[in-house]
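Letters A, B, C, D and E name the chains as they come in the text, with residue numbers starting at 1 for each one.
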Amino acid sequence: MTGDDSQSDTEEFRTSRRKRSRIHRLDVSSLIGRKLVTLVLVGTLVFLMLPIFMTIVASFGTTWTGVLPRGYFNLDNWLTVLGLAEGVGVRQGVISGLAFSTLLATGGMVINVIVGVPIAYALTRYDFFAKDYINTLAILPIVPGIVLAVAFLRTYPEMGGSAFGLIIGYALLKSPYMVLTVQSSFQAMNLQQIEESARSLGASWIRTFLTVIVPNAKNGIIAGCIITWTLAAAEFNFTFMVHARGPRPFSLFLFENITRSPVLQGAAAVSVYFAIVTAAILILQTAGKAGFTTVEEQ
Amino acid sequence: MAEVTLDSVTKRYAEEIAVDDITLTVEDGQVLGVIGPSGCGKTTTLRTIAGFETPTDGRVLFDGEDVTDVPPENRNVGLVFQSYALFNNMTVLDNVAFGLKMQGVAKAERETRANELLELVGIEEHADKNPKQLSGGQQQRVGLARALAIEPRILLLDEPMTGLDAKLKDRLEREIGTLLEELEITALYVTHDQREAMIMCDRIAVMNDGHIEQVGSPEEIYEQPANEFVAEFVGTANVLEGTIHDGQIDLGFAQLGTDGLSVSDGDVTVVVRPEGITVGRGPIEATISDIYYAGETIQATALLPDGQELSIELDKSMGRLSENDTIELELDPTEIHVLSN
Amino acid sequence: LGEEPDDDVQTYTVGHGEYEQEVSSADFPDELFIYAVQTGWSNWDAVMEAFEDEYGIPLHDDQRTSGEALSNIRANANNQTHSAYNGFYPVGLEAWEDGFTTDYKPAGWDQVPDEFKTDDGHVTATRQMTVAINYRRDVYEERGLDEPETWEDLKHPDIAQDMAINVPGAGAGLNAMLSINHAYGGDLDDLDPLFEYLEEIADHGAEHRRNLDRQFTAGEISTYAEFDFGGLSTKYNDDDIAEEDVGVMIPTGPDGGEGAVAAPYGYALLEGAPNPDTAKLFMDFVLSPDVQQLFFDGFVRPIRADELDAPDEFPPQEQYSAASFEIDQIELLEKQEDIVSEIIDQSPLPGVEA
Amino acid sequence: MSGSTASADTRNPSGVVAKAQSAAFPETEADRERRRIVIMCLPYFALAAVGAFVPLAIMARMSVSTERFENAGFTMEAWRTLLTEPVYWEVAWNTLWFAVATTVFSVVIGVAISHALAKYDLPFENTLIALISFPIALPGIVVAFMIIVLFGRTGLLTNLVAFFTGQSPIDLAMAVSVFGLFLGYSFSLIPRSTMVLRGAFAEINEDAEEAARSLGASPLLTFYYVTLPQVWPGIVAALVLTFRTALAIFGTVLVLPALNVATLRISLEIQSLGFNSQIAAAIGLIYFFFILSFTFAGVKLLDNEALKI
Amino acid sequence: MAEVTLDSVTKRYAEEIAVDDITLTVEDGQVLGVIGPSGCGKTTTLRTIAGFETPTDGRVLFDGEDVTDVPPENRNVGLVFQSYALFNNMTVLDNVAFGLKMQGVAKAERETRANELLELVGIEEHADKNPKQLSGGQQQRVGLARALAIEPRILLLDEPMTGLDAKLKDRLEREIGTLLEELEITALYVTHDQREAMIMCDRIAVMNDGHIEQVGSPEEIYEQPANEFVAEFVGTANVLEGTIHDGQIDLGFAQLGTDGLSVSDGDVTVVVRPEGITVGRGPIEATISDIYYAGETIQATALLPDGQELSIELDKSMGRLSENDTIELELDPTEIHVLSN
C-alpha cells in the first residue's frame, strides 16, 4: 500500500465517521430539534440560576444603574441589613431574629420528621382503611397561611406571639413536602423485605424502623428536612399574623427588605437567606451522612 | 435447629386463598424444597412460618410448641430473599453482625463471629464494603451469612438464586447445598427450578394452587410422582393412558407386564421418563419428529404410528440421527410408574 | 424572675387629672411592647433610647405599619400581646371604634388640640406629618426639569415615569392620594378627581410602591409622594445621598390651592394590655416637652409644636400655610375602608393590591 | 393466648369495634400490624387535629359569624357576598386561569428538561439536577425578588434590553405585571414539575422505543405511539401537583401584586379592607375544599408511584 | 432473509471497549447463538446490527450491502427483547400489527396478517387483551409475533427466555426453535444459557470480553472447544493438565493412548466431559466427595488419590451410591479433546 492510498483511506474513514455522528439518534428531539430542547434546558437553567447569582453579586455592589451592578467590593448592604451599619435605618437585632427563626424552623422540621416519616411509611408500606383519604390529607397544602393564622389565633388566643404556635404552624404548613419526599424514598426501597430481614434477625419492629428503615431512607429524609427547613425559615404569611413578641422572625425582615428596600439592600437580605440556607443544607447533609450509616458513601 | 410443623394452615386474602389447609412437617436438620408454579403460595407459606402473616386458620409449631402468635423477632428464623434485602446503610460486616447485636452480643465477639461467617461463605475480604458494591452472587452470600449468624432454628430461603447468572448459580447451588448439609440446619428452600430443588434438598414439597400435591425425597418426586401435575412439573414426563387386563398394560402401541406393580384391571395412567425408554432396539417403531443436541445429551421427540409423541433421550454413541429417521424403542417395564388405576 | 429588693423599687406619678396614678417599677416588664414604635422612623430611635436611659425599660423594636398593627390587634382580639397602639391617628380611631382601646389621658393631654384627641381619652395624637413631594434634584437637573411646585407638575412624562405613591393601605399612600383628590376638587365622597389624575400619570409609568425612601436614594424612583418626614430625614440624615440632591416641597393644587394633608399620628392604650402601667409611663414620656423636641429633631412636627422651636431644616413655613389642610378624622374613620377598597379596585397604577 | 382453639372468626376480627379492640390489645401479628399503622398515623393526626382540623372548624364557624373579632351570632352574609359580588367571581377566575396557564407552561418546560436529562449525555448531570431542583426550597417572597432582579427597573434583563434598544428601563420593567408574575410562578413551578417528570422519563422503556424503530417507525412516530403513552401518567401527575402548588402560591404575588388571585385577596380582606374575617374564612374554606377534592381525585386517578417529588 | 456480516466491528465507549474487532458472518437462514458471560458484548453486537449503535470502527453488511449508516427503521430487522418491550398502550393485536401500520398496510389487511401471526405463536385468543394481562411466556410470544410480522431480513433475539419459569422456558425453547427453523429466518439469538443455545441454534458464537472465542456448531463447541474458556463455559468440563511422551498422555492418575490425535511430545491440556468417563469399572480408584440426584442424572464429584477432582455422571442403574463410597473410573480415550499441546 502506498502512502497516498493510506492517506485517502484515512480521509474516507474520517468522512464516514463524520457522517455517522450526524445520523439518527433515538430521541424525537433530534427531529423537532435537539438544539431547541437543549436551548430550553439552558434557558431554564439561566432563568433559575442567573437571578440567584446576580443577587449575591449585587449584594456587594454600590450602585445598580445600567445593566450590571457596580462599585465592588462593598459590604455596606450587608452591614445595613444585618443592623450593623452606622447611622439611620432599622437597628433592630437582625442576628437575634435569625437565631430565633433558626430555632423555629428547626423545631418545625423536627416535628415534620416525627410526624411525616411515620405516616409516609404507613402509606407506602401498608394497605389499610381509608388510605386514599389519609394520603390526600397528608400531602395537602391545608390553607393559605394567613387565614389559617387568623383561625389559629381565634382557636388558641393564648398562642399569639408564642414560639410554640409558630412552630406548630410551620410543621403543619410544610409537612406535605416531608411526606412526599420521604414517600418517594420509601417507594424506591424494598421496604417489606428489608423490614422482614431485620425482624427475623431479632430486631423488634420499632428498632427495625429506627435502625434500618429510617437510615435507608436517609436521602429522602434529608431532602425533606432541607425543604421544610428552608421554607419554614422564610415562611412569611403565617408568621406575619401569629408573631407578636420575641425577636423578629427572619421572614419578616426578609419580606420587608424585599418589598421596602432598594434592590441592593434587598439583594443583601436575600443573600443572607441564601447563606443560611446553604449552611443548613451543608449541616443537614453532613449530619445525615454521619448519623445514619456505618459505611462511606461512594 | 428445630422441627417445623404447619397444622392445617390456611391463609385467605380478601380476594383469594393463598394457602389452603396445608399440613406439613419439616424434620429437624432437614432441607425441604418447595416448588410450584408462580402464585401457588410458596412465599406466603414461608412468611407464615416466619411470623409475618397471621394464618386465617391453623397453627404453626416449632418443636411442638405453638408459635402462631409469636412475633417474628422472637422466632429465631433466618430469612434469605431473592432480592437480598441487605441493609445498605451498614457495611457487609455489620449486616452479618446485626442479628447478634440484637441479641446483645458484645461488639468484639459479634464481629469475630460475623467474620467467621463471611469466611464460611467465602467473602471475608469484602467485610468493610457497602453491600451495593458487591456482585449479585456476593450479595446473596452476605444475605446467607446474615441469616446464619443468629444460628436460626429454621432457615427460610425464597428463591435465593433466581436472577443469578447460570454459571454462578451452578456454583452457588453446590456451595450452599453443602453448607446447609454441614450445618445440619432445618430449612425451607423455595425455588421455581426443580433441578435446583433436587440438587439442594433432602425432601421436596410440590405446591399447586395453595395445596401441597406431594412431599417426598427428590427420587420419590421424580420417580413416583403422586399425580400428573407433579409428573409434568418435575422433569420431562411422558404421561400415557392405557388399560389393564390380564396382568398386561395396554398402551396401544405397547404392551407391558405388570410384574411388581399392584394394579387392577381397568383404565390406567402411567408415567414414563425419557430415561425409561431404550432407543435403538425394541418392538416399537417410531419416527424422530424433533431432535436437539443439548451437549450432555441428545433429546428427541419420537412420533408413534398412532400419532402419540414420546420424549426420548438418545445416546451419543448411536451416531448422528436426524429428523424423520426411523428408530426402534422399548419401554422398560421396571421404569414405569402408575399414576392412577 | 426574682423579686427586686424593696429599696430598689421606685414609684412614678403618671396621668392627667382624674387619670393620675402611681406606677411602680416592680411592675415593669423586661421589654415593653408598643405597636409601631420602631427604629428608623420618626426619630423613635432617640425616644426609645431616652426612655430606656430614664427608666431602664427597653422597648421592643416593632417594625409594623399602622395597618399591620391594627390587623395584629384584631387577630389577637382575645389576647392582646402589645400594651398600646401607636401610629396613624385615624387607624387608632379604627381600633377605638372596634373596641380595642381603653381610656387614659397622659400628662400633657390638655395641650393636645381638641381635634387631635378623643374626648374619652382613648386616642391621643402626639405628632403630625404633612404630605410632601420628595424628588431627586440631581435627576431633575439631568433631565432638564424644573423643580415641582404643584401636583400638576408631576404629570410631566419625565417625572411620572419613575414616580411612586405608596399603597392605599399605608397611611402615607392614603394621605397622598387624599391630598391629590382634594387638590383637584374631590372630597371623601368623591374620588373621581383622584382617579383621573392617576390615569394620567399611570400612562407614563407611575406605580404604587411601599416604603420608598431607600428606593429613592438608590435611584429606582426619582419622585414620590410621602410625608415631609420621609424626605427630610433622607435629605439630612442619609449618608447615601447628598443633602442638596434631595428636594422636599409641600405641593399645592393646580390652581395653587390646598394640596397637602396634615396627618396626625398618635397612640392609644389597649384594652387588656399586658403592661398597662408601663405603657402609661411611656405615653406620658412621649408627650413630655423634651421628647416632643426629639420629634422635631427628627423632622416630625410634634403635637405640642407651638411650645417649641421648629428647626430650620423644614421647608419654608409659607409652603405649609399655602398648601396644608386637615381632614375631619371622624369622618375619615367612617369612610376609610370604603375609600381604600375603592382605590384598590380602581387605581390604574400597578402594585395597588400589595 | 392459645392459638389452638382460635377459629377463623376470632383470629381475624371483622367490624370496626373488634378491629379497634384488637389493635389496642394485639395478640396476633395481624393485630400488631394494625396497631403499628395506627401508631404511625397518629403523630400526623395529632398535629393536623391541633393545627388544622380544629382551626378549620373554627374557620367554618368564623365564616358565619356576625362579629369580625369573635365567633358569635349567625349570618350567611359572607357567603352571600362571595356569590353575589362580581369581584369574587373575578378573583376565582383569575386564580384558575392563572394557575392553569402557569401549570401548563411549567409542565411543558419540565417535559423538555426531563427529556434532555433522560436522553442526552449531559455533562455534570447530577449538578444540573441539583441546580434545577434547588428553587423548590425557595419561598415565594424570595422568588419574587428573583424576578425583580431580572425584570425590575434595575433588573438585569430590563437594562440589557434598554441598552440595546435605547428605550428607558422604566418603560421596559415588567416585574410587577402579569408577565412578571407569570415568570415568578414559573420559577417556583418548573423545578417541581421537572422533579415529578424526571421519574417518568427515567423509567421510559427504551427497549420498546427501539422495538418501534426496528418495526419501521420514524423517531417522531415512535415518540407519538410509544414514548408519549408511557410518560403520560407522569405528565398527569406533574399537572396535578403543579396545579395545586400554583393555587397555593402567596409570597410571590404579595410582592408582585399584578393579579388579584385568591391568596392575595384573602390577605387583602384581612389587612387592608377592615379585617373581613368572615369573607376571608369563607374563601379559605372554598379553597381548602377545592384543593382537597382535587388532590383526592389526583390520588385516586394516579398510581401512588407517580405522585412524588 | 439475508446474510449478515460484521466486518472488523469495534464499539468503544468512553471507558471501555464493548466489542473488539469482531468479524462474523451469519448465513442466510441460519440461527446463530451468541453466548458469553455478562458484559462480554452480546447486546452491543445485536444493537449494532439493528442500527442503534454506530460502530466506532468497521462495517455491517446485509447481503453484501453496507448498512452501517442506515437508520434502524430502514433496516428491516426484527427485535425480541428479554423485557418483551411490548407497547402496553395497545392491544396484543395492535402490537403485532404495528410494524405493518408503519409500512402503510391497510387496517383490514394488517389485522388479518397479525391474527395469522398470533395463531402461529399460539395465542390468537388473547388478541384483544392488553399485553400486561398476559403471562411472561405469552408476552414473549407477542414480542416474537410482532417482530416476525414485518417479515424481517434478520431477527435479533436478546435473551428472550431469561426470567421465564424453567418449565415454560423448556416448552418455549422447543417451540421457538421449531418456528425459526420452519421460517428459515436468519437470526442471532443471544442467551447466557448454553443449553438453550445448543437446542435452538445452528451455530454458536462464544464471546468473551468483546472478542469471539469460537464459532461453530453446537457439537463442535461442546466436543471440540477451542480453548479452556469455551470448554468451561459450555457444559461441565474436566480440564486436565498432563504431558505426552511415547505416544501416551500422562495425566498422573491415568495414562491414555493418543490414537487418532495429532499431538507431539510435551505438556498438554485436555478436556474430558463427564460423559467421557465410565463409572463402575476401570483402572482409576476414586472416592465420591459430592453427589447430587438431579432427576434425569446423578451428578457427582470424584476425588482422585492425588487430590484432583473430576466431575462425573452416574448411571441410575448403578444403585444408590453415597458420599465417601469408593468407585472405579475409566477415561474413554476417544472422548478426550486436546486443548493445547
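By definition in this document, a residue touches a chain if its C-beta (ideal position, glycine included) is under 8 Å from a C-beta of that chain, and two chains touch if they have at least 3 such contacts.
Since this is a predicted model, take the numbers as computed values, not measurements.
*Asks:* Sort out for me whether D-E or B-D is joined by the greater number of C-beta contact pairs.
*Replies:* Answer by contact count: D-E.
*Asks:* Of the other chains, whose C-alpha centre is the longest way from the centre of chain B?
*Replies:* The most distant chain relative to chain B turns out to be C.
*Asks:* Would you mind reporting the rotation angle for the C-alpha fit of chain B onto chain E, rounded to the nearest 5 degrees?
*Replies:* When the C-alpha atoms are superposed, chain B turns by 180 degrees onto chain E.
*Asks:* If you average the CA atoms of chain D and of chain E, how far apart do the two points sit, in angstrom?
*Replies:* 53
*Asks:* Please report how many Å separate the Cα centroid of chain A from that of chain C, as a whole number.
*Replies:* Centre-to-centre distance between chain A and chain C: 39 Å.
*Asks:* With chain centres defined as C-alpha means, what is the inter-centre distance between chain A and chain D in Å?
*Replies:* Going by mean C-alpha positions, chain A sits 15 Å from chain D.
*Asks:* Which chain B residues reach two or more other chains?
*Replies:* Expected reply: 51-52, 71-72.
*Asks:* Hunt down the residues of chain D that sit against at least two other chains at once, touch-wise.
*Replies:* Answer for chain D, listing residues that touch two or more other chains: 32, 70, 152, 154, 210, 213, 218, 254-255, 270, 277.
*Asks:* Can you list every residue of chain A that touches 2 or more other chains, as numbers and ranges?
*Replies:* If we look for residues of chain A contacting two or more partner chains, we find 24, 26, 64-65, 150, 154, 205, 241, 259, 263.
*Asks:* Per the contact definition, I'd like the list of chain C residues that touch chain D in the complex.
*Replies:* For chain C paired with chain D, touching residues are 67-68, 70-71, 74-75, 77-78, 94, 98, 161-162, 167-169, 205, 207, 218, 220, 337, 340-341, 344-345, 350-354.
*Asks:* Flag every residue of chain E that touches chain D in the complex, lowest number first.
*Replies:* Chain E residues touching chain D: 47, 50-52, 71-79, 81, 83, 85-90, 98-99, 102-103, 143, 146-147, 149-150, 152.
*Asks:* Quick one: which bits of chain C touch chain A in the complex? Just the residue numbers, please.
*Replies:* Listed in rising order, the residues are 31, 33, 38-40, 45, 60-61, 63, 68, 71-72, 75-79, 81-82, 210-211, 214-215, 217-220, 233, 237-239, 354.
*Asks:* Quick one: which bits of chain A touch chain B in the complex? Just the residue numbers, please.
*Replies:* Its residues touching chain B are 190, 193-194, 196-205, 207-208, 212, 215-216, 218, 292-296, 298.
*Asks:* With touch defined as at the start, can you tell me which chain B residues reach chain D in the complex?
*Replies:* Against chain D, chain B makes touches at 10, 51-57, 59, 66, 68-69, 71-72.
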